[in-house]
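Below is the structure I would like to discuss, written out as structure tokens.
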Amino acid sequence: MKLTFSPEDEAFRNQIAGWLRNNLVGEFAELKFRGGPGDEHMFPEERKRWEQKLAEGGWTCVGWPEAYGGRGLSIEQQVIFFEEYARAGAPGRMGHIGEGLAGPTIIAFGSEAQKEKYLPGIVAGTELWCQGYSEPNAGSDLANVQTRASLEDGKWRIHGQKVWTSLAHESDWCFVIARTEPGSKAHKGLGFFLVSMHQPGVTVRPIEQLTGTSEFNEVFFDGAVAEDIVGAPGEGWAVAMGLLGFERGVSTLGQQMQFQNELDEIIRLARANGAARNPGIRQRIAEAHTGLRLMRYNAMRMLSSSQDGQADSSALVYKLHWASWHRNLGALAMDVLGPEAELIDDAPYELSRLQSLFLFTRSDTIYGGTNQIQRNIIAERGLGMPKEPKGR
Amino acid sequence: MKFRFTDEQNMIRETAAGFLQDVSGPAAVREVMATESGYDRALWRRICEELCFQAITVPEEYGGMGLGYVELAIVLEQMGRNLLCSPFFGTVCLGGNGLLVAGTEQQKARYLSEIVAGELTATMAWTGPEAAHGGGEWGAEAVTATWEKTSEGYLLNGTLRYVINGHTADLLIVAAREAGTRGKDGVSLFTVPADLAGIQRSWLPTMDQTRHLGEVVFSEVSLSADSLMGEAGKGWPSLEKILDLAKVAIAAEQLGAAQQVLDMSVQYMQERVQFGRTISSYQALKHKAADMKLKCEVAYSAVYYAACVALESLDPDGDPAIAAQLREAAAMAKGYCSDTLFFNAGCALQLHGGVGFTWEYDVHLYFKRAKASELYLGNGAAQRELIAGLLLDEEFRT
Amino acid sequence: MKLTFSPEDEAFRNQIAGWLRNNLVGEFAELKFRGGPGDEHMFPEERKRWEQKLAEGGWTCVGWPEAYGGRGLSIEQQVIFFEEYARAGAPGRMGHIGEGLAGPTIIAFGSEAQKEKYLPGIVAGTELWCQGYSEPNAGSDLANVQTRASLEDGKWRIHGQKVWTSLAHESDWCFVIARTEPGSKAHKGLGFFLVSMHQPGVTVRPIEQLTGTSEFNEVFFDGAVAEDIVGAPGEGWAVAMGLLGFERGVSTLGQQMQFQNELDEIIRLARANGAARNPGIRQRIAEAHTGLRLMRYNAMRMLSSSQDGQADSSALVYKLHWASWHRNLGALAMDVLGPEAELIDDAPYELSRLQSLFLFTRSDTIYGGTNQIQRNIIAERGLGMPKEPKGR
Amino acid sequence: MKFRFTDEQNMIRETAAGFLQDVSGPAAVREVMATESGYDRALWRRICEELCFQAITVPEEYGGMGLGYVELAIVLEQMGRNLLCSPFFGTVCLGGNGLLVAGTEQQKARYLSEIVAGELTATMAWTGPEAAHGGGEWGAEAVTATWEKTSEGYLLNGTLRYVINGHTADLLIVAAREAGTRGKDGVSLFTVPADLAGIQRSWLPTMDQTRHLGEVVFSEVSLSADSLMGEAGKGWPSLEKILDLAKVAIAAEQLGAAQQVLDMSVQYMQERVQFGRTISSYQALKHKAADMKLKCEVAYSAVYYAACVALESLDPDGDPAIAAQLREAAAMAKGYCSDTLFFNAGCALQLHGGVGFTWEYDVHLYFKRAKASELYLGNGAAQRELIAGLLLDEEFRT
């Protein structure tokens, strides 16, 4: 156990920090600290160009094997990459679904032909992905998929509705979980499909959120053609579950650096308006600071063990911890601002960054498994307690 | 000692509940909250003419109903439940209370009668930008507009922020201080018609759109001598009492809203199915709802206890021992109900899952109201610190 | 709705306060503020004499109808009685099980003969009662009674074990829930028995608590004879449930005055040692003060409505509220004391009053329905949500 | 950067866990906690001779194992888990750390070697009764014993309270101040053999019986000149560092205890049946256990992060940027683990229902340890205020 990085890793840190310093300029300067959660709808065109800029520098898919166009970085160096990326204020990644979810899934479960067809566009930053996972009646109950896939003239055609699909209107591809066996239930009889977004039969409808903005969408599939299926028909659940595992990757440390930026802003404000002298605010700022610092070491444990193929119980609690922490940070921001917290930037409903944070962090404890689902998982998998009975 | 509603109070409650559910449904709220004025003049006229809620606490000698603060709290609770967008709170709980507590006989006779007639909206403007210091300090330091004596009356200067309905109200009760004074000294209250020369007003759009705030800038505004309320420079105790009464009123609204998000959540939970069961069958969610319910029940006691105290404090023949509890009772009610509404609205968002996060569902309207009303006049921690001062500090001083 | 008492009630207040001032003296002076929860085992003989003193003054069973020897007080005057009793620091009542539970049950469900036999001893303060309710396997699951009652030679004999029976070793009588129908389950087939504690076949074994003291006992019945059964055999559950309703009586306001005494002591200490300047302690003292004040008005609502035969939802939340409040008060007491909180009065394990409070209040959230059971009840009865499924 | 145990560290962990489970079972703890000394001398000898835990962090030049604070934390975690009653914490984490941080070469050579040999128990005595002010203020104001310079050395006077093993330890590291000084000025540390003339010691029986406290009274105690640690009157920074290291150690114990009460609760919940189901099948109880588990996991990160920092801070060649985090890391660990253990032990009592309330079951031992260790050196709120000072106040000063 030690906290220091090796000299090689420190040199790597300088390399990526330098590249960002030199390239996050000019047309990209305005993207600094933009495009994160609650801001994902902003500057889409500029951020697409930034994806390609990153690709030119070899800074996309840094954890992928070199054979698939990645950089094959060690966990330590990936950690450093994501930390420096966030520290520099580089913008929220448009390509993160492809790089973090679709790509790794295709690498793990796809055919060689699929790898050749899909991976290069992800690495080059030219093809963006979105996920067709949630459905209106399958919130926490992920397996309750009602979207159907049927073989018609040798082609899989998709019928159904997905929801909470971020960046659907900007994406080229969508991976879709759909039921290949009519009448099947729960996690049986599903398929994992790759579907072009540029075709008739795909309709994207933005969801207006409580912030008045729309990162998320509903996506309607009316007989849209799936170009590929990953894995065999009926085995989509295994593929989808493998994919969920990828969500707890090293990018989590980049997320923490964004959190740090947010906390720093709150601390600056507290100092400026005198809230930093309020004993209760002091307690909460110290608590936020502590929580974030310890989140870092939870992540380090999770990454150190996954590197060796081991599971660590820190992984079980990770989502619940960060989601609750972030939600509390949003409320803290408002309480530091006091009455100014209410005043928005402009009518009709232009929120400040911290107001968006306040409202948007309320989704953190819901999406990707609510806090309640997380506690079920901790109790059942981590402590061996009985599973919740299902009603069906 | 009876701690339950009379038959008459139950009737007022039912009337208010029925009417407000009718006229202040989600569609109506959404339509009016997006407008600059933030309220529907036709609806306000109906309230004043048909329901006469604005007359509840006005003494009969000014044409009012001469009822007490309990009846007012009953109506406010229903307004909070339905997020009524109206000048009611400003007109009655700031302006009206201001006149009742601090107004001269002449001011009361004139303005209270106009309020009862539905011809006048009012509010109180007392905070400068300094109210935002320290994350929200709503004490005497927040009074920063200044007055000076002139031969004909008074001259007002300064910027007042976070003024409820400040950009639309007809009459402003203004707090200002004599230049050079600090803290509780030198504060005076004035009745100021909003159309006087030198007054500039603007809308400050807010995250909670159901209650609009304004900014009011006074540039060398001349007031007649009879604008002064009470004795010059000695206005702080009156202002403090008006604010205590306002806290009780806000708490009543918060109670109604907290009950409403609980009801909405229970209904959703009974309908939403996950893993083949209604989510109301999950014990962890049931317990969350139970905690919301507990808080509503305690908040109810807090509000109506404080309303009973306010009643005695506004009644010249009220029990002085009870009236003396106003500061503490108001802080308890405001603190407990602020925490309750924020807790309940946050739980409601969580219990609604993804859909609660959409603009289309109504939960977010309550969540935003929760944070806005929590911060207004000081959050739970601020109220508790005030209570701690009353409990713990007097003996340190002696 | 009003907060003032009538002149008659204020006169009554003076009457009881005066009686206590004149009588809580001499041999009884040392009983002041003693015998409450966590202290119930102290001064039993002196407190038995106090019961009789109270009876002489006509101050037992003040809410009972005059026909049964009570004083027939209105709810308001009962409120006043219990408040003044606690305010004077009069000791914890040895007779409260008889007065508050056994007596009202016999009045409601008993025969005339039973009333004549049992009520006078309760009113006179000469016969003390305890309750045989809980069993080792029936904690929250009250109906899971395994104690049996069988008719042998025309007499009901009791076999089984009860637990958490306070003051069993000081009591003359015990009411016992036992199964009259062998093989019956849950709330069916039970009987409600009145059993003398002075007979062979009754064994009392004290339970040593985490405080090192023993208010509670295990009681073993090995063929002990029940002198009476209240209600019919098989209908004991209805009687027992009626009894539970009596637990939320006006004595709750006396309990609140005890709480006030405890809070006052904590405030005194905080002022004395400077903890009253600590911002976090200030918050918690204010919260405790608020909670207690609002508890009073919750109780007033509950009593005002029950007086008119109405149910008020304040009654549903009452136990959860006071139990959680009291538990928090115990922790606050320790935190106000700081390092002094650790030092006990004497070896081997003589705790101070506040240390006992700290430890003992942990039982408040368990006995009489745990906080979890209370939340079930609120959700199910108060909000109409589905009941927890039973495993059997 | 690697944030997991090495194979050697895992081995130490397993050894400590196995041994302590064996020798410090509930029966052993209950027997020894009731005695005046509060520990079993034979067991202490075994620990020193067979396990050599007391030598872990002592440099090899003094006969120790020369390992780091991570290894120490590993052992402390298991001691906390098993509520080991022993002079270990006092001897190693107060006395030993005191010598390592502030001792002269001569003091280290003599006393550390005796500690390694198992011949010496030690502790630190630094707080007067004033430590109880304000509900527990563990800052420089708590140092109230006084020293004065004499021709042969120093003269000590004063009463020291809340001294861990103060009535039994052989060697006392004593903090005192020059008469007339205040705050951080004038504080000196001394090595004081407990059998010197003029020292009176007594046991202060405690609610948590698993760690004994003593009172030490100095009446004109003469010390030789070589008793002084470091420079006279400049001892506060050293004392502060010793206390930071002690916080990390307490936190490690708290982590172990928090994990243990979780494990006990899970086991009980899997066995206890209510309404025909194991209580582990009730979602609200599952979620309570899940929250306990989350806290344990975060506490684990807090302890081992702080232990890594302590490691660098005690190593003359340690990374200075990391060593500089000691104050903050120790406060985080102590604060988070204090809250975690109190939360978990309280939940464990609740989850055990009635039986947890009996003397017979072990939960109460942990619950009492939780409150005692929470209050010792300042609770969670005190640690957070310290962190807030580091984060927020430096810019106010400049």
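Going in written order, the chains are labelled A, B, C and D, and every chain counts its residues from 1.
As a working rule, a contact is a pair of C-beta atoms (placed from the backbone, for glycine too) under 8 Å apart; a residue touches a chain by one contact, two chains touch by 3 or more.
Everything quoted here is computed from the prediction, not taken from an experiment.
Q: Please pick, from C-D, B-C or A-B, the pair whose interface repeats that of A-D, with more than half of the contact pairs identical by residue number.
A: B-C
Q: Could you work out which chain's C-alpha centre is the most distant one from the centre of chain B?
A: So the farthest one, by centre of C-alpha atoms, is D.
Q: Based only on mean CA positions, could you tell me how far chain C sits from chain D in angstrom?
A: 41
Q: Round to the nearest whole Å and give the separation of the Cα centres of chain B and chain D.
A: Chain B and chain D have C-alpha centres separated by 51 Å.
Q: Residue numbers in chain B touching 2 or more other chains?
A: As it turns out, chain B has residues touching two or more other chains at 281-284, 286-287, 381.
Q: Touching at least two other chains at once: which residues of chain A meet that condition?
A: In chain A, 270, 279-280, 283, 372, 375, 388-389 touch at least two other chains.
Q: State the interface residues of chain A toward chain D in the complex, per the touch definition above.
A: Contact set of chain A toward chain D: 1-6, 9, 76, 79, 267, 270-271, 276, 279, 282-283, 285-287, 289-291, 293-294, 297-298, 300-301, 304-305, 312-314, 316-317, 320-321, 372, 374-376, 378-380, 382-386, 388.
Q: Which residues of chain C touch chain D in the complex?
A: 134, 137, 139-141, 144, 163-164, 207-210, 212, 270, 273-275, 277-278, 280-281, 331, 334-344, 346-349, 351, 355, 358-359, 362-363, 365-367, 370-372, 375, 388, 390-392
Q: Which positions of chain A touch chain C when the two form their complex?
A: 279-280, 283, 389
Q: Looking at the complex, which residues from chain B come into contact with chain A?
A: Residues in contact with chain A: 34, 36, 127, 131-137, 161-162, 203-209, 213, 273-277, 281-282, 284-285, 342, 346, 349-350, 353-354, 356-360, 364, 367-368, 371-372, 375-376, 379, 381.
Q: In the complex formed with chain B, which residues of chain D make contact?
A: Residues 282-284, 286-287.
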